[in-house]
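Got some structures for you, see below.
Across the two complexes that follow, subunit A remains constant while its partner is subunit B and subsequently subunit C.
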Partner chain A sequence: MSAADATLKGRVGDPFSSPWRRRLPLLPALVFAIAVTQLPFLVSIYYSFTNLKDRTQSLIPQPTRYVGIDNYRKIFDDPFFRQAMWTSVKMTVLAVVLSLVIGTLFAVLLDRRFLGQGLVRTLLITPFLLMPVVAALIWKQQMFSSLFGILNKVLTFLGLNSVAFISDHPLASIVTVLVWQWTPFMMLIMLAGLQSQPSDIIEAAGVDGATPLGIFRQLTLPHLRRYLELGALLGSIYIVQAFDAIDVMTGGGPGSTNVPYFVYQESIGGGFRYGSASAYAIVVVIFSIVIATFSLRVLSGLLKDDRA
Partner chain B sequence: MHEARNGSRRSPARVLVGVLAVGIVAAASLAASAAGRSTDKTISVAIVANPQMQDIASLTPALFTAKTGIKVKYTILDEGKLREITTRDVGSGGKAFDAVMIGMYEAPQFGAAGLLQDLTAQAKGDKSYNYNDLIPAVRGGLSANGKLYASPFYAESSFLMYRKDVMAKNHVTVPARPTWQQVAAIARKINTPSMAGICLRGKPGWGDLGASFTTVLNTFGGTWWSAKPDGTPDKAQVDQPAFRTALDFYAKLVQDAGEKDAANSSFNECLAQYQAGKVAMWYDATVAAGLLEATGSPVKGKNGFALAPVVKTKASGWLWSWALAIPKSSPDPTDAWTYIAWATGPDYIKAAGTKTKGGWAAIPPGTRFSTYKIPQYKQAAGAFAGKTLAAMEAAPIDNPGTTKRPGLPGVQYVGIPQFQDVGNRCTQLFSSVIAGSLKDSTALSQCQQIASQAIT
Partner chain C sequence: MTLRVRRGTTLGVGESRAAVIGLGMAAWVVGMLWIFPVAWTLFTSFKTEQDASAQTLHHGLTFARYSEVSHSTTGTLSLGTAFTNSAVVVLVSTFVVLLLALPAAYALAIRPVAKWRDVLFFFISTKFLPIVASIFPIYVYAEKWNLIGTRTILIILYIAINLPLAIWMTRSFFAEVPRELVEAAEIDGTNLFNQLRSVILPIAAPGIAATALLCVIFAWNEYFYAIQLNFANGSTMPQWVISNVSTRGNFLAKLSAASMIACLPVILAGWAAQKRMIRGLSMGAIK
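Up next, the complex of A and B:
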């Protein structure tokens, strides 16, 4: 369609004008997207103001009542929810920071040319391609298990006492699996950052007599900064939702229940209190939006700085 | 540009051919399915992924569909998922399943809440089903107010299994009806760094640690809740001395003489440790005996069995059954009953013995007296069949502890809907106590709070 066409037919506000004609085919998709994402959310908001329970959860079925903000008031009195929040924070921060650090190290190593680089890169990415449940099972049965675990076999071989990893260090065990899975993701982001770094500056610094460590600290790290931010942001968004590893490895055992697992237990995981579970979920959504907005602002600010 | 035009001119013919082809296939399949509907019927059944249930799924076409013309579409799920899906489907009156497999915890509760069909009349009226052959404790556990709501496919109690050779080496004899103090003393005596004294469940979950621990709690005279005269829960009793004694006893025993990695161990983990010779005793489900004595088991023939240990009660073994029930919303209850009567009837058990891979020792145990009269089964399961039947009959389903329990009958659980959640969350805390990362007083006061909130 040419520009002349558009000016001929295009009057502002005319639904048959060309911009509208171009948008019209998107309308079903938009309606569908709203129906499958926003309606359930609105229904959840409604449920969060009721005492809705599963019908199997009372011997004499009770009618669902409107309970006002009772569910929300209870959230802030509930020490178990606060504990789950704290666990979520610890789990996410540890996993994101560790996978970022290790991912950056791997990226720096992979950034140079060597024999078998392609193979090594593929092997390093593999953990990220695994289903989270499978990753958790592998670690639970083959690595951490006190009976069949490789780690304990090695410890016994070295003459050390075997360690019940999952029982004694549940949070650390889960964080290990998360780091193992997310390091490749961070590595890929960092690798993209490293490869976008202009090589002439580094060569110039080398000519000026800068040490490799100096180059990394003074030039590479500042250049990687927004990639680090991006990795941290995306990593946090995904890792805060961790569920599989907890369900498979500890069942929420010794202090490893995070917020998603808590909400699961409150709803279909045994509690069947859909009303209060909805309230928990909505509080989580509000927190997530706040954190995401904040992080995005930081990120876009950085991008602007960079351009200026 | 030219090429594209040519392409678009050619395409209507192609589209027409495509539409015709799809239409013919669709019409044919519609006709086929219509024809299929009119001659034979299909029912939909959800079952749990245990070896015995997988056997019945593979035997159904030959033994059931061939005779009755009813096809059975199975949905096989692990325990947790099955519970989630059946609870939602039954609770919301969904029509996904004609028959569902539920546990002894759910059956009377769902039945009393009016979500399941009463099977009593059909079960009593069907001669080949033989209602009186069912072991009374199991039948009672699946009933509410005298009505049978689910038909047992498989049932188990709990007992103590031990290595006879290890006991002989240590000059110890395990009494046939031991007390927990005796068992604890033996466990501590025979405990070595390479072989733990006893394996007890420590993994969070109302059906994992919750089951083992609640039988111990019962016999120590404790309870989760006290009951009002009308059977509703009165007050949470987690802060009472008996509860603390039971938890301390359990946690201390596991710490002193229990398996490694206890907070991560349940049935399967203990089974693996026992078979690998890493534990000398194991308190768990009676069904484990069949696995320990199965052909190829490294500990076959080395095992002794004793009734569940007690303290203040006469018996403490738990009672569990997987049973088939018909939801009120079932689209085809008549065919569903025909299926249930076959799957849980005495004839299937006999047929399974000759037709399944595992042979006689692997048939669904614990539901009927007639099973324990089959000569081949007595021979294959001689080491544990008698002890299993004794444990099943002794299971104190109606009076598990020293005080009245709220809700419907239950031994290793409390027969109220709130128990599932309270059990899950409290056993997370208890699991931390066993692992030594939480003080018992903290766990008990937090659990008391959970248990109190749940019943308000």
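Up next, the complex of A and C:
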């Protein structure tokens, strides 16, 4: 903002006439966010060029030294990292798409008057409120478990063979829990989308003889598009970082170790190789930046309607 | 937001009564299905351990598991300790988040600084940064400054987790405060603190309450930082729940009771905030 602008808007004696005074209320939050989120990230970049290890965890402490791009060069030769990347992609895409589809269906069901509508919505959102650790434990111990699990009791009752869900299908088990928790979230977003739909246009289309399916396809779906985008974006931010469900249900392992869990195992989860683990983390950040750039465009499109 | 009468998604103009009833019932079935694992856990928490592991009901229902899990044996993490730790960490971090977010939201919505959009996007971009990218430096420095195992480190990190959410959310509530009111207060020479207190906060209060509740929910449920940076004395509720998983003997009923205790405060908070929750979860993009 130019000085002329400032004098135009501010009056003499206005405590917020100077731009810096305007910025003042923002500073504490800004400084805090930079200190706690950006500085450690810069330190991580520095670590990624060293062979830093945890001194208390190694038998023969080595002096930390600069190793150039060695850590980065090793990354793409590492089959376990490639596997973790692939698991991350599968886990995130499956969980986001499934919860979005089911959430949209639930939203359509809920977007109408019926007896106990509020109560059903309350029941549906509850899994989202559960501690992720508890959600994973419930599914592991009560649903999937071959010892006490309900699902296997039902299978046996039906005369079918029991299934070792978690050990034979680790990815599907984790995705199930993620979908169970995130469907309510998607449902709330899609419900907001459905309810923001102008009803006069729909009515006009109905009067003009449009079929219900035609109305849904040609009017409702285009209107819902940005809500679908928003749901996919926000869901991905959280689900790509999934940790709790993996830690509780499988504790890692082939098929269920995603990138965050892999980096965790390389470092504070047992490997304590901060140098190389940082390089992995930086690669993840580069991928995230690509996704984030796209995502922020979606968000800023949604902000446009707001007062500037 | 304009108020209008709407009928919801209908299958057509002349929707039959049978279809209306059928879809209402379908919604109920779906609701029951989705809540089933939680309901079953609640049910299990009242059983005896034998009944719980056999998934039967021969010995009736009782509150005994609840009293068992709340009385710790020596050497294990007690409910009291974990609850106190969680409560302190959650309340202090939420309080500080609001302390930082309210003035920031003022500078982003009511008297917007130049490039306020960029600032807003900077805050959200911190959410895109994977936690693993910054955990080692945090771990190394927390170790260096003796913060491992303290509530302080969790408070600092939970503020960082919730700050972007809180700023986006309060900004969107502040943007709805009528400008004329703020301008009138400015002409009267009211300072920032008094403007916030007497003009803005009363109008935005329900939104701020919803923001606080969401921050509470996320902080209460957080597990990754808690388990990495904080064990033994500083443990929080998720760790207490996990500590009820035992390798010796049956534990399913006790674990269920512990799960219910740990989740109840947040479920109640979420139910209370459900109408405004979606705005916070969508970073204020949806009203």
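Observations, loosely collected:
As a working rule, the second predicted complex is superposed on the first by the 271 of 308 C-alpha atoms of A that agree within 3 Å, B and C clash if a C-alpha of one lies under 4 Å from a C-alpha of the other, contacts with A are read in each partner's own complex, and residues count from 1 in each chain.
Here is the rule we go by: a residue touches a chain if its C-beta (ideal position, glycine included) is under 8 Å from a C-beta of that chain, and two chains touch if they have at least 3 such contacts.
Keep in mind that what you see is a predicted model, and the values were worked out from it rather than measured.
Legend: residue contacts after superposition of the two complexes on their common chain; A:167 is shown touching subunit B, with no touch to subunit C.
When the two complexes are overlaid on their common chain A, residue A:80 makes contact with subunit B while staying clear of subunit C. Once chain A of one complex is fitted onto chain A of the other, the partner contacts of A:250 are limited to subunit B, with no touch recorded for subunit C. Applying the stated contact rule after C-alpha superposition, one finds that A:268 touches each of subunit B and subunit C. Contacts of A:147 after superposition on the shared chain: both subunit B and subunit C are touched.
When the shared chain is aligned, subunit C comes close enough to touch A:132, but subunit B does not. Once the two structures are superposed, subunit B and subunit C can be ranked by residues of subunit A touched, with C on top. Once both structures are placed on chain A, subunit A residues 147-148, 268 are touched by subunit B and, in the other complex, by subunit C. Considering their complex, residues 1, 13-16, 19, 22-26, 28-30, 32-33, 36-41, 43-44, 47, 106, 108-117, 119-134, 137-139, 141-143, 147-148, 150, 153, 180, 183-185, 188-189, 191-195, 197-199, 203, 206-207, 211-212, 216, 220, 227, 230, 234, 237, 240-241, 243-244, 247-248, 259-260, 263-264, 267-268, 274, 277-278, 280-282, 284-285, 288-289, 291-292, 295-296, 299-300, 302-303, 306-308 of subunit A touch subunit C. Within the complex formed with subunit B, the subunit A residues making contact are 54-61, 79-80, 140, 145-148, 162, 164-168, 170, 249-255, 257, 265-266, 268-273.
Across the complex, subunit B meets subunit A through its residues 84, 87-88, 90-92, 106, 109-110, 112-115, 202-206, 208, 260-264, 269, 272-273, 276, 278, 407-408, 416-418, 420-421, 423-425, 428, 431-432, 435-438, 446, 449-450.
Interface of subunit C with subunit A (complex): residues 4-13, 20-21, 23-24, 26-28, 30-32, 34-35, 37-38, 40-41, 44, 52-55, 99-101, 103-104, 106-108, 111-114, 117, 119-141, 156-157, 159-160, 163-164, 167, 172, 175, 186, 189, 191-192, 217, 220-221, 223-224, 227-228, 237-238, 241-242, 245, 252, 255-256, 259, 262-263, 266-267, 269-271, 274, 277-278, 281-283, 285-287.
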